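Both of the next two complexes hold chain A, though its partner changes from chain B to chain C.
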Partner chain A sequence: MSLPRYAAGRLLLGLGQVAGITTIVFVLTEALPGDAAVVIAGDHPDPARIAAIRAQLDLDQPAWQRYLDWLTDLLRGDLGVSLISQRPIVERLADSAAATLLLAAVTLLVLVPLAVALGMLAARREGGRLDRVVSAVSVALYAVPEFALAILLIAVFGVQLGWLPPTAFGADLLARPAVLVLPLLVLLARPICTISRLTRAGMLDALRGEHVRHARRLGITGSRLWLRHALPGALAPVVQQLARTTDWLLGGVIVVEAVFVIPGLGTALVDAVSTRDIPTVQALCVLVAVTTVVVNLVADLVAFRLAPRTGVVR
Partner chain B sequence: MRRLRTLTGAVLLAVPLALAVTGPWLAGEPGERTFPFADDGLLGTDFIGRDVARQVLLGGRSVVVVAVSATLLAYLLGVPAGLLAAATRRRWVDELLMRPLDLALAVPSLLLLILLAATAPPGPLTLVGIVALIGLPEITRITRAAALPLAHGPAMEAMRLYRETWWRRGPGYVGTGIRRVLLADAGVRFIGAIYLVATASFLGIGVAPDAADWAVMVDRNRTGLFLQPWSVAVPAALIICLAVGFNLVTDRMLHTTAVPSPAPPPAPATTGDRAHAPDALLQVRELAATTADRTLVDGVSFSLRAGEILAVIGASGSGKTTTARALLGEVTPGVTHTGSITLAGRPVTTASPPEPGTVGYVPQQPGAALHPVRRIGAVLHEIARHQAPGASRGARGRTVAATLARVSLPTDRRFLRRFPHQLSGGQQQRLVIAHALLAHAVLLIADEPTTGQDALTRDAVAAELTKLARAGIAVILLSHDLHLVRAVANQILVLHRGAAVESGPATEVLAVPRHRHTQQLLATPPARPPATVRPDRSLLSVTNLSAAHRDGGRQRDVLRDVNLAVAAGRCLAVVGRSGSGKTTLARCIAGLHPVHTGQVSLAGQRLAAHLDRRPPHELGAIQYVFQDARASFDPYRPVVDQIGRPARRLRDATPEQAHHTARHLLDRVGLAQHTATRRPDRLSGGELHRAALARALASGPRVLICDETTAGLDRITRHGILTLLDELRRDLELTVVVISHDRDVVAHLADHIVVLDDGVVVDSGPADALLHHAHHPLTRALLHIDPATATAPSNP
Partner chain C sequence: MRAAFAGGGVNETLDPHLANLFNEASRAKAMFDKLADYGPDVSIQPRLAERWEPSSDLTRWRITLRQATFHDGTPVRAADVLYSYARITDPKRAFRAKASLDLLDLPNSRAVDDRTLELVLKRPFAEFPNALAAFGAYIVPQDADSFERPVGSGPFTFDSWQPGRSLLLKRYDGYWEGAAHLDELEYLISNEESARVNALLAGQVDYAHDITPTTARTHADGGRMAVTRMPNSTMQSLAMKVDRPPFDNRDLREAMFLLTDRQQLVDTVLAGSGQVGNDLYGKGYQYYADDIPQRTPDLDRARFLVDKAGARGLRIPLDTASVASGFVEAASVFAEQAKQVGLVIEPALGNKDTYWKDILNSGVLASYRSGAMPIETHISQRLLTNSTTNATRWARPEFDALYTKAVSSADEATRRQAYGDMQRTLHAEGGFLIWGFADFLVATAPRVGGVSADAPANTLDWARFDKVWLG
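And now, the complex of A and B:
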């Protein structure tokens, strides 16, 4: 199968996924307990007011009618208005996305070179001291939930030693880069384990593979053998894992944002769910779903190019 | 190191687990509440003034209990769903099960957690349900992926051919097969559950805000981190210990297969007199290779001049490949080499492999030697640049083009922009040779270049090798394909269990083999006793059979309007190039291939198209012997047990009768009883072929279908199987249908031959006529000993 054909098929699948996810999101949010109108009426729950709000929110319409309206609005880029703040949701998302994007970008920039290099170093001498240390540490670190790690880091570096600010509360992320250090460490902890392990395993496989041995017999050695002949084959699973990491980062690293008080997408989601701000929840979910689908699409295309296909044309 | 890691994990895991289990009994009655974040008690007080130590004792149980129940629930639902998706032959069931799960996997799990938790009433049950639901898709997918090859592989088909019970097929075979995969994965799943449960509790999902729970404690007491760090640090540390400890203990996925690389052996003395054969390019003296308990190669010596072709022949396991590896100077872990190898006047050892580029190696699967993700032109240019660093781009291009032309490959830009997987097997082979030529190889080693290839491809390979030798390159050919060896070799070296039993010029060795083993290897198939003449009444007949394969949603016709008939006690051979539809035809007859029109009849009785709809006596009447005998046995049961089953299932034999049948058949096929009581992985390839024949005979069939039954076996084993098959045919009056592209097999067995090309019967007739005086060019190319006179037909 050629790359364009694969890409077209994969794109169709992605569109299907987005359609499926929007439906799931709508159904789930419909099922959220509590009546939005009652919540908004707040301290003055008189029936007339609630009825008025219901009419304003189209809650008196049948569900499928609202679903279609919501979908058409989505297609026009209109995400609606927040029930709580009465501001357009697009503005709210734009504000939150900046922080999350910054965090995700910095994490990826540090993560990719570091993890791949670590994996390659570990593969250089299989079973060597570095390899064993890296694998033991990554097995251990992988299991640690972020909040626990975050709290420990804050307790040690923020409170006991006082080297770094314990939270980013109220700080401008760009003006004070120091507030980013602890969140970054927490965000890196798990992905660095998986990606370095995958790189290492892929490199070992590739170095044992017949085509790398063939290249070595032809006189190609050193960094050229490692980077041009062994690494591309090793990267295919890494890229797909990287896609998962990326959408985990973009999907609002909910815990990290909560612990470090960073006003990102994760915080926005937790706030919206706790205040029953249904349009905002729906918009956030759609945003996350679309990002997920797009990131995975890109990763699959890259992996398709990198994946070894040993089949033979008949 | 690994033991230490597991021990550390066990200690880390023991503390939180012990606390979680015994904590609630140790906690005692709640004490007086005092001030928040005070220093009272062992660990101070929490955000509402409760004793932290007591909360810690109480708070472990919920995490552990919820995570365990959620993991169990996820397996309880996910494994059956995955098995159903793998086992079903209806595509829509599979799609219906798997597509929604794919969708669920596309949503980040924390997002799903928050959404689901918000819609359901809080409580531990909700949390269990949600965490199980999040773990479910991955478990289903893993189960399906592990079970899929088992549910549709040869072993399953073999069992369906004798209508094996559901219990033995499902839990017995598939269940045992996936057990290991699932167990290895369970640790990871449990960690995921702990992670989700703790995180959910931390975010206040599914638990009461003041619950005694380690994760909730971390969240609630955060505000007092400056005043009373213990109330946060202790529960956080316990959660970390639980997760890390568990991962360290169950870490199987990340198992390092550290093979201690043997120290390079001391370079052997190379004092051997080189004057012995001054013009020899390669000189091997007393080469030996040993592992800890076995001798792989035992004192092999030979020499080879430039432009000569040496054929190394011998049964599988005779040391051919080990010898080749030694010539390449490559280390196989655990193998020690002694003796001396001199290539172009330079010693070759594992410590000093031959000068890069001087030795080219063409593996059995040439595709494996090609970089899978780079265009072939880029790699060719890289090799050319490496050889002549200063040359201009244009000069390199000319060198590459000239080399490609030498191996008869296209030189245009479009070809150079292809990837290796876009080439045919023959083109891949020639490309690997082109690499070696570009690197100025003086010696080329070709490992079984014609295994599984038809006669036409073999001629192309022979021509290629001869051309290389004429250009002054020494070639070593590892093969058990005697036709190829006869066609190209100047020298022959016969290996038998690692020792060189005979060597010399090819003409002499082939004409007058001295060693008994060589004679066996070269023996022509014994002439068949003439078939007893009998009235030819057709037993099995196929009329207007058409079949298609589903190829990614599209139907591709494989067989078109095939008609054939075989008389009782006769042997029909179906021959054709690979991809011509031979195997599909055989599978249609056995009822294994689903989509087909037309009909198959046995003794005038029309058979159902699908084997599940055939009554037991019809099922037992037609049995099938698979190409890969090893893959057609359930690896978890003794072979003898499986041989008796068809009698038990299709002929209503009692267990004693079935066992008796199995023993009798084992004797018949020449397998020792004690060999057959083992599991299939302890039997050799030849033994398993005999066992597969015995199993196929256990239902007392009238028709036996053999699909490439001897491909991949060495010559001596193959002769044994063929002779046995012929004897069985005569003694039991079996009708045999043989699928093969091997002339020897056809000549040995067939009374009648049908030639297939692209799904259509192009030629058919009595074996004698087609083997010696065929008219159709494809028949001539496939079956005549010297097909050079035949014009090769195009293969669409």
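And now, the complex of A and C:
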């Protein structure tokens, strides 16, 4: 199968996935008890008021009608209007998306070179001291949940020692990069373990593989052998894992956003669900679904380029 | 100054008539005014209204406005008030203050001149100033309907806004009550209490709204934050539905009152940050019946009453949810207490998003709380036969008559007498078991001054920044 044809097929499949996900999400949010009107009314659940809110938000329309309206708007490229702010969703989510995107980009920029380098170092002497240290630290770090690490880092570096700002409260993230340091450390902790472990395993495999042995027979040695001949093959599985990490980051890591006060997509989703703002929940799901499809497509294409003989991994 | 609040996220609004959350209420009072507002004892203080004068039959109220200006320099006029009230009571919309202002007969109300208006009511109502101070009854300029860049008459003007993140306000030098001390006020948002506190400890913010008693105690002696306690802020109670078994039995309700160890609940659930209640709403507020002796536990009599009601060993579900701090804890502490008199209280955890609507009509016993409002408002919203949020299903024609007597009397002593009589009935056999009043806690950097310590939550001086300064 040629690459363009394969990519087109994948895109079509992705569209189907997005449609499926939004339908499921719509049905599930409908199944939740209480609608936006009840949540808005809060501790003042005057029935007349709830009815008025419902009418104002068009919640008195049947569910399928609202879903169809929403879908028609979506096909026109309109993500709809928030039930809570009554403003276009795109307008309000742009800032959230920017925050999440920035955090994801910075994380990946640090993660990829660092994790790959660590994995290669560990692979240099399998079972050597460095390998054992890297493995032990990785496994230990992997076992710590994000929120625990975040609370620990904030307590020590943010509050006790006062070296770094404990939250990003109201800060322009680019103007004050210091606020990104602690969240970055938390976001890096787990991916750095998986990526470096995978790189190490991939390197060891590649070094034993036919391709590298052949290169050795041709007299290629040292860093050229490692970087040009072993690494590309080793990275194919790493790219797949990296896609998963990217996907995770782009969805907005809710715990990290909440603890460090970075109002990204994760926070937006939590708020939208808790206020039963279904159009916003739907918009976020479309966004996340599209991101997942695109990221995985790119990862497959990259993997194909890196290790053409193995074909596409999935 | 930077103030950290919990908030509603990116889809929040600056429309003062939609204010609902703490930060929305605080921002509304920073940028807007009401005609009147609640003082520290929840009595009514004139604000944009300089004075009011009812007709002898209490159906026409002549209101004189203060000389005040909106942030664009135009004066606050009677027409702005009429527009604001028309917007709030628009039948097609659902603003929170609508219920309070619904008794206005707007078509017959009129502006006498720019600073005088005559408001006509659909029925006599002596407590009409309560409606002027209602939650969300803010005065906006005539024809204002978009609040992306709000213009109000409050002590701070709008500067910039990133929804869900930050709202920057500047001092309004032309404020009628005198300009604020602060040059700038920035509202920041995090729903994570620990984040608000950490930011305060690290000097990123100067004010952290709504902190837990545990946080207050942890950092009490550190010298890095000062805690302001606003007493009588949140009524803590259990609502018994009196129209159905088992609490249609008056003896059983009295047994519930008597078995409750209020001090233990305050000490454990509120971590000591509060006071015991006497099954009456509005401790410390105007018209509160503090001549009624404080109830103390009497387990022997409670046991006797439980037996008399034939309720020994009765299983009673207690609806609760983590919708307000302390609800679930209070439910389990209370269940332990009830065990001692032979009642089996079974806490049932409900959905926190729909909790208030769920407990309105179903169940028999539910966790309940309320912020500050005048005692009259509490009664009219919750304790009359036609009240829309009557969670105890208290419906007594003679009680309704007492209420009508109170609010249709121009004589203050008559009103006080009627409110006293109503409270005596509720204390003896009402459906609200009000065990305590929680303090509202705010943490500030040590250099912050002027945060009022005697304003219950929801009153004028609570979450108010024009009297606050940075030392």
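Quick note on the criterion: the second predicted complex is superposed on the first by the 277 of 314 C-alpha atoms of A that agree within 3 Å, B and C clash if a C-alpha of one lies under 4 Å from a C-alpha of the other, contacts with A are read in each partner's own complex, and residues count from 1 in each chain.
Keep this in mind: contacts are C-beta pairs under 8 Å (C-beta built on N, C-alpha and C of every residue); 3 or more make two chains touch, one makes a residue touch a chain.
Note that the coordinates shown come from a computational prediction; the quantities given were computed from them, not determined experimentally.
Trainee: After superposition on the shared chain, which partner residues are touched by A:Thr72: those of chain B (first), chain C (second), both, or neither?
Mentor: In the superposition, A:Thr72 contacts neither chain B nor chain C.
Trainee: If we overlay the two complexes on their shared chain A, which of chain B and chain C does A:Arg217 touch? Say first, second, both or neither.
Mentor: Only chain B is touched by A:Arg217; chain C is not.
Trainee: Tell me the contact category for A:Leu306 with respect to chain B and chain C: first, second, both or neither.
Mentor: In the superposition, A:Leu306 touches chain B alone.
Trainee: For A:Asp46, select first, second, both or neither according to whether it touches chain B, chain C, the two together, or no partner.
Mentor: Only chain C is touched by A:Asp46; chain B is not.
Trainee: Quick one: is A:Ser85 in contact with chain B, with chain C, with both, or with neither? Answer first, second, both or neither.
Mentor: second
Trainee: Examine A:Ile154 and indicate which partner it touches, taking first as chain B and second as chain C; both and neither are also allowed.
Mentor: A:Ile154 contacts both chain B and chain C.
Trainee: Touch test for A:Pro232: chain B only (first), chain C only (second), both, or neither?
Mentor: The answer is first: A:Pro232 touches chain B but not chain C.
Trainee: Hey, is it chain B or chain C that touches more of chain A?
Mentor: The partner with more contacted residues on chain A is B.
Trainee: With the touch criterion stated at the top, can you tell me which chain A residues are shared between the chain B interface and the chain C interface?
Mentor: 32-33, 151, 154, 159, 166, 258-259, 270
Trainee: Which of the residues in chain A come into contact with chain B in the complex?
Mentor: Contact set of chain A toward chain B: 17, 20-21, 24-25, 28-29, 31-33, 126-127, 131-132, 135-136, 138-149, 151-152, 154-155, 159-160, 166, 197, 209-211, 213-221, 228-229, 232-233, 247-248, 251-252, 254-255, 258-259, 269-270, 273, 281, 285, 288-289, 292-293, 296, 305-314.
Trainee: Can you check the complex and tell me which residues of chain A touch chain C?
Mentor: Residues 32-34, 38-50, 52-53, 55-56, 82-87, 92-93, 95-96, 151, 154, 158-159, 162, 165-167, 169-170, 258-261, 263, 267-268, 270-272, 274-277, 280.
Trainee: Under the stated contact criterion, what part of chain C meets chain A in this complex?
Mentor: 2, 4, 8-13, 20, 91-94, 96, 98-99, 162-166, 186, 188-192, 194-195, 198-199, 201-202, 204-205, 323, 351, 353-354, 356-358, 360, 369-370, 381, 388-389
Trainee: Note which residues of chain B are touching chain A in the complex, please.
Mentor: Of all residues in chain B, those touching chain A are 1, 5, 100, 102-103, 106-108, 110-111, 114-116, 118-119, 121, 191, 194-195, 198-199, 202-203, 215, 218-219, 222, 225-226, 229, 232-233, 236-237, 239-240, 243-244, 246-248, 251, 254, 256, 258-260, 328, 330, 356-357, 359-361, 363, 365, 367-374, 382-383, 386-387, 419-425, 428, 432, 435-436, 438-439, 578-579.
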